[in-house]
Amino acid sequence: MRRTRRRALVALAAPLALSLAALTGCTSGGQAGGNTGGNAKDTLTLGLTADIQGWDPGVQPTYQGWGADAVWDSLLRCGPTGEPSASLADKWEFSQDQRTATLHIREGVKFSDGTPVDSAAVKANAEYYATAGGASSRWAGITVETPDAQTVKISWPAANPLLALRMCESKIATPASIAEGKFEAPIGSGPYTLDTSATTGGSVYTFVKNDSFWDSASFPYKKVVLKVLESETASINALKTQQINGSLITTATYEEAKASGLALETLKANTTRLLITDHLGEKIPALGSVDVRRAMNMVFDKDAIAEKLYLGRATPAYQIFREGSNAYIADMKDPYPFNVDEAKSLMAKAGFSDGFTLQIPTMQGQGHEKLMPYISQQLALINIKVEEVPLSGPNAISELLSGKFPVPLWQLGNYGESLQDISDYTLKDGIWNVSHQADAKIDELWNTILTGTEAERKQAQQDVNRYITDQAWFVPMAYPEHFYATTAGVEVSQVSDFSGLHPLLRDFK
Amino acid sequence: MPSPILEVKNLDVTYTGRHGLSKKVINDVSFDLHPGETVSLVGESGSGKTTIGRAILGLAPVTSGSITFCGETISNISRSERRRIARGIQVVFQDPYSSLNPSMTVEDILVEPMQAAGASGGRDRVRELLDSVGLPSDSGSRYPKEFSGGQRQRIAIARALALDPAVIICDEPTSALDVTTQARVLALLKDLQQQTGVAYLFISHDLGVVNLISDRIGVLYQGSIVELGEHVATKPQHEYTKRLQMAAPVADPKKQRERRAARLKLLADEKVGAGRL
Amino acid sequence: MMLSVLKRLLRSAVIVLIVTFATFSLMFGNGPGIARAILGYQATEGDVQRKVVQLGLDRPLLVQYGDWLGNAVTGNLGESFFTGQTVTSALATRVPVTLTLVVLTMILTIIISVLLGVAAAVYGGWLDRALQFVAVLGAAAPSFIIAIGLVFAFAIAVRIFPATGYVSPDISLGGWLLSVTLPVISLLVGSVANAASQFRGAVLDVLSRDFVRTLRARGIPGSHIIFRHVLRNAGGPGLTVLSLQTLGLVGGAIFVELVFALPGIGQLANLSTQNGDVPMAMGPVVVTIIIVLVVNFIGDFANTMLNPKARTR
Amino acid sequence: MSAETPNPAATEAPVPVAGRSVMKRLVTNPMGAICLAYLLFVIFLGLSSPFLAPFQPNQADLNAVNAGPFEPGHLLGADSAGRDILSQLMWGTSQTLLGSVLVLTISVAAGVTGGLLAGFYRGKFETAADWVNDVIMSLPSIVLLIALYALTGPNVMVAMAVFGLLVAPTYYRLVRAVVVGVRTELYVDAAKVVGLSDQRIIGRHVLWAVRAPVVIQSSFILAAGIGIQAGVEFLGLGDPKQASWGGTLQNANNNIYNNRFGVLWPALLVTLTILALVLLGNVLRDVLQSSARNKTLRKDRRRELARKAQQERTAATSDLPAQDVVLSIRGLRVGYPDGPDSVREVVHGVDLDVRRGEIHGLVGESGSGKSQMAFSTLGILPKEAVILGGSIYQGGEDILADDKSMKKARGHRIGYIPQEPMSNLDPSFTIGAQLVYGLRAVKTISAKEAKKQLTTLLAKVGIRDPEGIMRLYPHEISGGMAQRVLICGAVAADPDLIVADEPTTALDVTVQAEVLELLRQLSKERGLAMILVTHNLGVVADLCDTVSVMKSGRIVEHNDVESLFEDPQQDYTKELLESTRRVELLEV
């Protein structure tokens, strides 16, 4: 079931992902077959903590999307902080009103079935995204123009400051496969092609190098093998026996990995937080009081959480944004230091000293079993009685995001591009703003982001951060670390994923 | 002669097997039993003698024919009606080990029929019954396993007597017992009959035992009565009865030698007869 | 004979219907929930609705089941809602894993428990007591706890066997053997414990029968009596135990698959059921019932072969 | 009534045990006491958790995250959230016990009721119930539980209730089998005849018989309940807010690299509790169902007795048997264990000689020791029997002194004809197969030759179609026929002596007469000596040359047949004769 959450939430696009997968303890079903493929430069074998979710280009999570990255090329590539660079499009331009992306498709590129990658193909793909499910709401209402065979213009109905990210998320598949609507085997123009004969759905996927790829040099391995290893202990053991060359691991196995001499890349890509989305107190009147929300911030000892609960492999968080992103305020002091007495007096001041009952939804495999006892215990200090509501089954995600529970507890992504955070967590339509309440101040700042100058935009992002911190819309607790472990001989040059969750395929050298 | 207390007329019993195959085990059997009389049914295994007893007791289904007790038809009556009859017809089974519930004391075993019939009695009656079958009166608090086979059979007889029945069906009551014990149990049955006037339907495979206790004897062969009368054991008429009578060895080497010779002759004659046909 | 085979087939068919319908209706979640889970949260409401219709999840339960059944009869178990993988191909990779565990465990169970059971029944004494002790212990420790213990002892403390994972025998026979050793042992302990003590009982039972005494009196050597006569007669009850055991193993395998991260049908059932991937979840259900029916059939058939009374009836 | 010898079978009947004495025997059994004490301790753990547990189940102590065992304040350490493992387990206990009791209640309610009704009324209800039972047994239970989880969410109690239904068939089968057995017991028939209602019969007679197996089974079901509950929680289907054994184990297993000992405690607790229940079930079985106190002799004591008997043998300078004696028994004493140290002697030093061609009748009532004599001669006494002394000479060798000569004699020089023809043929082999195999085991001849010899012999023992009968299985022939086959098997290897143990008791009188005729013929033709064990004086008069009368393990009178019947010396012999003759038909 962890896979459900993981898959479903991962499908939201990059965001929340890491927490979901990485904290999982053990589920299983993976094949740790013998590494029969010669020396390491020939073959790169990576563990997947979740199975590949089929080959529909419209429904592709970017999380651990090595398979998708291998077979499909994207229009653009995004760096760690979301800055775009050339890929399938060698030239591009975003309109001033942030509504239209104009791209020039690289000349002479062909899909692996020999058909050309042209503007018509891109149009077919873009239009497909808008209806395919997956990230369809992010592409909803687009119009695509193809002035010539190499040029494509994609326009959004409203200003969209995240155009670059959308371009980077795209996976360009053959129009034929899209028209057919069946995606049994992927056909794309990526650096590798799927070797179906050496692939077993659900356990092993083998990719062989596409030498005609335009950037072939960035992908040194002749063969990439992805193995589904849903259990972390399975992954660790496979790493130790060189059955795989790399895998995501968590604090649970960190010591073991370190002791085994594995190279570890530290990733700090999310924030553990409570999301107090009912700012207006519609469902729980007390939450409408800023004092109550602030009091809730004051009952947690963030240092202890980082030091003890996360075994020192986390840093205390005072804001939800990633260090170095535009919205991040570098010199922010803890706005709500741990002080239960003051929290109590704030509650009294707000007239809620008797507290209230708070339902917090939890799911298996999200690390809740680690956090919930402490959170319930601390909130109880200010008479907030926490009721844990375990969610399960296929409806779990729907329920989680339905607004039924106005204060979810989750470890959520903090992106290199903080606009994504702002859009997901603070805008009225933001998926994680589950109560979906409008806020005039946020709207105003977002408007600045859409229309302002570069400097104004950055300032507006910081203002958003200040505003939500002051209003205590969140209870940030820690930036937990996660790790990417690799065996000797496999080097991770950098982690260029803008969501910071794991290295991308091109990062393996 | 008074009218019979138990009357069996044209009794048929057919068992239906697993695959719809039916097997007629009793075929057109008729006999009657008068008060205070002992009628025996004798036959070898598979002759159907036990089935007749069970049919009378309502433990085996009657396919056709009738069984009347005191003028009342009791074949194929409901369980509740049967319970009314229970006071009139009782049973002593062959196996004294399985016919007594090992978890009950003798007293419980003897009180059970009285409770079922709603009759009074209690301890005094139990003592009386134990006394009448020749068991020590303190036996009531003991369990069946503490008794020997003969003693157990006495307990079973006491249970049958508990309701003062008019008829007791004795289904091979002595065949599991040693000879010396058998003789004593048979004597007890006779004594009780004289005291109480109960009628016995006595079922056995042993012509000798039957001869000792019966007023009339019916010989069963393959589900039918081949011969019924007072002197069946001593003056058999039917060929089968003759063979049966000749087959049992006697405890006297000289006499047995004669009987053996006679038996072989009888068989040889039969063969010749059969050959002629 | 024909009639009884026919009857049996009919009965099996009804069992298949009941079981599949029961599981199907249990797993039948609401269509939008499943569609949402498939498409993710960035999908629009309209897309979700379309997906629901596309998957036919808007139809009444009975219609959906009938549809599934109709296809299943022709061997088409459908495709995963999530990955689009056909269920049969998913099963093709996963059934061998579970079957490997079950079959290997069963073969070893038969060999070991027959030997142990006979030895304990015939020799008695310390061997018998040891067997009974082991039987109790083996029956007491759940397979997943044994599995955890084995992983600790032989994969982490002493690194002889891989802790997790499955190697297909066509990739490496040695690797395959190593990869299934610990899982099979964890299943085997309970299985042998149970089967051996039951077998011991069956052998003791036959040993106490009259004809064994007669055979001894005839001067037939003890070993002949045991291996020819006693085993043959203890075979019937033994088979019943073994077929029940096999059914238990199919269920127990899920735990062992979990601990050892083996991609078997138990895992498939667990994951896809919780995802609401109904077609995929029905796969293991169908396989399990088929295994149950086949095992029962083999059990009965072998029993008929062993027991002449059953044969002529 | 004192002359009525208690039948040995009486001591083999199941012992009825009243409730209080079960408890007493359970507690006095060391294993039972340990298990009970442990289980009581676990129950105490569960009940006392609100008062004695050091922490609330979900109380997180951040300073104790992943604490190892025996750290101050955390006896068993703490988990990844800083929760005290001991407290978790204590709080989880009541949940676990409740779940198992739920499994038990539901499975007993469904299974026992169904089994009682199906077993007692049989017919259509039984057919339907059997069918439902088969369907339930075919259900993939784990898959169902998981599917259920998708429907109900983490609700272990619902899962346990469903599991209760899924295991109900074990009770159903058990109870139905017992009830079907009890139903044919004559005491149930007797209860019907005395007019007891069905409810009374079920309540009084049937339930009693079912009680013990159900209690025993319950112990195992409770164990299974604990196992499956831990398993379900271990799979992650438990309720995370509720402390539970399986959940604690799951968390610990996920965190195994950071806190190795975490898994130890829940694993131990689950295993030990199941172990205690299983052991308790076994002890209960011993207490409730042991076939009367199962008396076994201590091993060293048994060896000592055997040694003594052997010393006696070598010391004895007994008169060597005469030339024409095929079997000579001297001072045979046989005993059965009475307790771990004591042995009850049932055959008290018996002497017996059988000459070539002589048919020797061994008469007595049940328990007189006559069968013990026969079995000793063949070396087929039951395992627990002890030969306390004496010798059996066969062909000049003491077959008791030396195992090898016993083996040599068995089947070669002594043949055996058992009492019950049907149960003495192996039901799994055709008549031909077992006869041929039996003959070739003692005689080196080809299969073909063996078959030829046996066909001739079968014809000789009065079987009309020997070839045909060799192809049949034992259940396809009649008792008389089976006895002829057994006689054929006994004489096939040309023995000097046949031991026939009540060879005609199970047969109808007409068949008995034929079998006696056959035995007489065989003895005459082959010069076979025979020991004929019987309780029937008529059979003795018919067949035997000499007679020994046994009583209470001794031969009280021995004579040739005519003298004994004409002029019995002993009172016992006279009483036997008199009893027999009273029910005899002397008319020709």
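Order as written gives the chain letters A, B, C and D; numbering starts at 1 within each chain.
Convention: a contact is a pair of C-beta atoms (placed from the backbone, for glycine too) under 8 Å apart; a residue touches a chain by one contact, two chains touch by 3 or more.
Just so it is clear, the model here is predicted, and its values are computed rather than measured.
Centrality annotation: C (chain centre taken as mean Cα position, compared with the mean over all protein Cα atoms). At the far end from chain A, in terms of centres built from Cα atoms, lies B. Averaging C-alpha coordinates per chain places the centre of chain A 90 Å away from that of chain B. Per-chain Cα centroids separate chain A from chain C by 40 Å. Inter-chain centre distance (chain B to chain D, centres taken as mean C-alpha positions): 33 Å.
Between the CA-based centres of chain B and chain C the separation comes to 55 Å, rounded to the whole angstrom.
For chain C, residues touching at least two other chains, in rising order: 29, 258-259, 270, 274, 276. Within chain B, contacts with two or more other chains are made by no residue at all. Chain contacts: chain A has residues 1, 26-27, 233, 392-394 touching two or more partner chains.
The chain pairs satisfying the stated touch condition come to A-C, A-D, B-D, C-D.
In the complex of the two chains, the chain A residues touching chain C come out as 1, 3-4, 7-13, 26-34, 36, 51-56, 59, 61, 131-138, 140, 182-184, 200-203, 228-231, 233-234, 237-238, 241, 243, 392-398, 401, 431. Chain contact summary for the complex, chain D toward chain A: residues 58-60, 62-63, 65-66, 80-83, 149-151, 153-154, 236, 239-241, 250-251, 253-258. Against chain B, in their complex, chain D makes its touches with residues 1, 3-7, 9-11, 13-16, 185-187, 189-198, 200, 204-205, 208-209, 365-366, 479, 508-510, 512-513, 516, 535-542, 561-562, 565, 575-588.
Residues 1-2, 25-27, 232-233, 236, 251-256, 301, 304-305, 308-309, 311, 362, 364-365, 368-374, 376-377, 388, 390-394 of chain A touch chain D in their complex.
Residues 131, 134-135, 137-144, 146-151, 223, 227, 230-231, 234-235, 249, 253, 263, 267, 270-272, 274-275, 278-279, 282, 299, 378-380, 407, 409-412, 414-416, 418, 420, 423-430, 437-438, 441-442, 473, 475-476, 486, 489-490, 493, 499 of chain D are the ones touching chain C in the complex.
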